Amino acid sequence: METITTKPSTKFCHLFSMDFIKIIFKGSGQVMFQNNIWTGVLFLLGIFVGAYQEGQGLVAWGALVGLLTSTITAYFLPLSSDDNENGLWGFNGILVGCAFLTFLGNTPYTWIALIVCAMLTSSVRLAFNNVMASWGINSLTFPFVFLTWIFLFSARVLQGIPPTHMSEPVLSSAINPSLDLSISHLLIYWLKGISQVFLINSWVTGIIFLIALFISNKWAAIWAALASAIALFAAIMFKAPGSDIANGLYGFSAVLTGIALGMTFYKVSHKTAAWAFLGIIATVFVQAGMNGMLEPFGLPSLTAPFCLTTWLFLLPRFKF
Amino acid sequence: METITTKPSTKFCHLFSMDFIKIIFKGSGQVMFQNNIWTGVLFLLGIFVGAYQEGQGLVAWGALVGLLTSTITAYFLPLSSDDNENGLWGFNGILVGCAFLTFLGNTPYTWIALIVCAMLTSSVRLAFNNVMASWGINSLTFPFVFLTWIFLFSARVLQGIPPTHMSEPVLSSAINPSLDLSISHLLIYWLKGISQVFLINSWVTGIIFLIALFISNKWAAIWAALASAIALFAAIMFKAPGSDIANGLYGFSAVLTGIALGMTFYKVSHKTAAWAFLGIIATVFVQAGMNGMLEPFGLPSLTAPFCLTTWLFLLPRFKF
Amino acid sequence: METITTKPSTKFCHLFSMDFIKIIFKGSGQVMFQNNIWTGVLFLLGIFVGAYQEGQGLVAWGALVGLLTSTITAYFLPLSSDDNENGLWGFNGILVGCAFLTFLGNTPYTWIALIVCAMLTSSVRLAFNNVMASWGINSLTFPFVFLTWIFLFSARVLQGIPPTHMSEPVLSSAINPSLDLSISHLLIYWLKGISQVFLINSWVTGIIFLIALFISNKWAAIWAALASAIALFAAIMFKAPGSDIANGLYGFSAVLTGIALGMTFYKVSHKTAAWAFLGIIATVFVQAGMNGMLEPFGLPSLTAPFCLTTWLFLLPRFKF
């Protein structure tokens, strides 16, 4: 149970200080569990580079607005300032920002909804954490997933926030498994699996993210690289849809599971590695399963496969 | 955790006493958190007036049967008699009765299913409350929502209880946002937002409900009125489907959230008001999101948006 | 909370011993809560007889592979050996094996996926049990249901494991209630309701299962027989789809609920019998509801109606 450790008045000082800027960048880094300012800087850089490269610069600005909104909200609510100093109130907000401008039309209402949603991530994170505390787990990026799903579903009925870039709801789609399997293409799919953690479809961003992780912790970079490769291999073997593989959509949740199980929640070891490997494989099936489940709704699975698999692999509380 | 405080033998005495009639009316009042007999009397009156006005008198009789069934069930099960004295075993049953005759065809099997469903609300409420107790929340009207969803889904396959008045399942519907925004119409939408708490589509019933709330607690009436107005404004601004707005379907969950957060679970204050305001706005998005999610099933969202949002706003356990 | 009581090294001895064979058969028996080797032997026999009779012998071999995989997995993970000795790590695996070969095409990838899924049931069972422990319930067959759903959903997008024998996703299907209600046919439906616990559509297997239960505990056989009959009657009365009734699809979850509530989690008594009777009726509606809900996905409800209803009837913690 999180408690209040500083008075709001103290917190407001922080809001106009160098500390605030540090917290903002840490919030960006925490998406991949890294409490490191420079990792956060590079993540944001990678988002801007990739978004503009794709011709979707607004996604990067959405990310920035979401990150600022959810972090500032944490100053106004009586939330734990320990968590705040570690950037833990920002990482859901930045993902909300990426997702809103990726899937919704660019209207003023979309931006208002983005701000409301990013604000809610802060209180909903505390809500979920309070529920999960007794099970020894936390909410990971699920506040982002849960709230973004609600808003994307609402885009089906609210004309103010149109589902411009969402898939059409279909009962079951034709699958096109054709895929260029040359080494150069496989490299691109592998790097996009890493960049898609922030919903960015760019191999350049994938490289920037790997460097960002390496600066913080070499094992984070290693597990991210391994996880994307293992997931790519499994997705090809079980013949997942070719376009999804090519866009890195089977990689990003596996990357997060790999970092979470391989070096964040367990100490690095041989046994941990075997457990993380099984977790990465499981993530691929959960990813495929969620894609199949959400197809009739035309909804993306976001990082839900990562959350679900990581919870299932933490809940047995094995000590390795 | 609820415990047994009187013996069944004692309870049976109550079943044939004046107390029983009081408990019945309190059960009706508890739908909007009011432990007040006269509020309950007026709620039932409003239901009968509105249902007959709509030409759907059976809805009112369904409400009465559901209320009696779930309350009587609580006498036969070893349930808390404290809760019983406050009418807490009746409020889910009355809503079940309203919903069954609103959505299902009028067959003998529908009435049998109604009685089974209303009986189940009593034990399921205890089941859910036992799960939620450690999180500091309770099940609100979710036993009604959960069980009614099961029975409405079953109406898709059981010919005995036909889904006569349910929407057709569709993957995504055309949206008609045209809406008469004159003051007199806005007033009607606003009042229907309040009457729809009991699935009644009548502005007269909306007035009766406001009076009923005012008798019990002026703040309950104020928050109900405010919440319906705020939700109406937000739904118009984000361009929700016109017919839903006109029928008050964006109001009723917000009304319940407003009463719950504004004056029931928190003390009335400026800070509480801001929190309840955010909760009402969130309820509108959750309502739209659930409508979008349930459209492929042709299922109504009932009061689920209220339950979900209120839980999310109680779980952080902020002290204002 | 389950704890580690023997060292892995000790466990590996067991893996090559007579004990292992006992544990395997107990795992089969535990699907219907029977900790009895001969019950398990007869269950497996019934599966092989029924599967080959249907011309689907692979289902039986799938069952065996699933049972072996999940039981052996429990030797490698630091799981409770008390549970292991009682066969509690095998019952989800055997059901996974039955389901995979019933619904998916017979490709090498299907068998690999089966093994991965059966392995996961062991750790996921511990994960779910850890979550549910504080509520006084356990995960029943839900690890099987949950993981099989994920893999069946994934079959919609992974061409390696094709959904060959799954229903097409449809928004709402035409219902054919015509049903031969002669005594001899009713007997067959009733027995198939019991055999379908293992997804076997054979009245011969139903008889074998009843004998297997009777060997272990006469009340288990009585409740299984009663539950299938009550569910059959209720499904006919409320006019469930004729082909589902004829194939025993309204029986199997009710059979499990009957055994669970009638003699496993409560002591046999008149009050328990009334409670179990209500539970069986509720299971039929939950079954119909889940069928209606899962139709748009073309997904089977597996034993989810049993799990859900039994939890709802255990959670109030009534003492009879």
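Labels A, B and C are assigned to the chains in the order they are written; within every chain, residues are numbered from 1.
The rule is simple: contacts are C-beta pairs under 8 Å (C-beta built on N, C-alpha and C of every residue); 3 or more make two chains touch, one makes a residue touch a chain.
Bear in mind that the values here come from a model prediction, so they are computed numbers and not experimental data.
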Since chain A and chain C are copies that touch, is their contact same (over half of the numbers shared) or different (under half)? different
Superposing the Cα trace of chain B on that of its twin chain C calls for a rotation in degrees, to the nearest 5, of 120
How many angstrom lie between the centres of chain A and chain C, each centre taken as the mean Cα position? 36
Going by residue number, chain B touches two or more other chains at 134, 171, 296
What residues of chain B sit close enough to touch chain A in their complex? 134-135, 171-172, 175, 177, 237-241, 244, 278, 281-282, 285-286, 288-293, 295-296, 311-313, 315-319
Footprint of chain A on chain C - complex, ascending: 77-79, 109, 113, 116-117, 119-120, 123-124, 126-128, 130-131, 134, 149-161, 168-171, 296-298
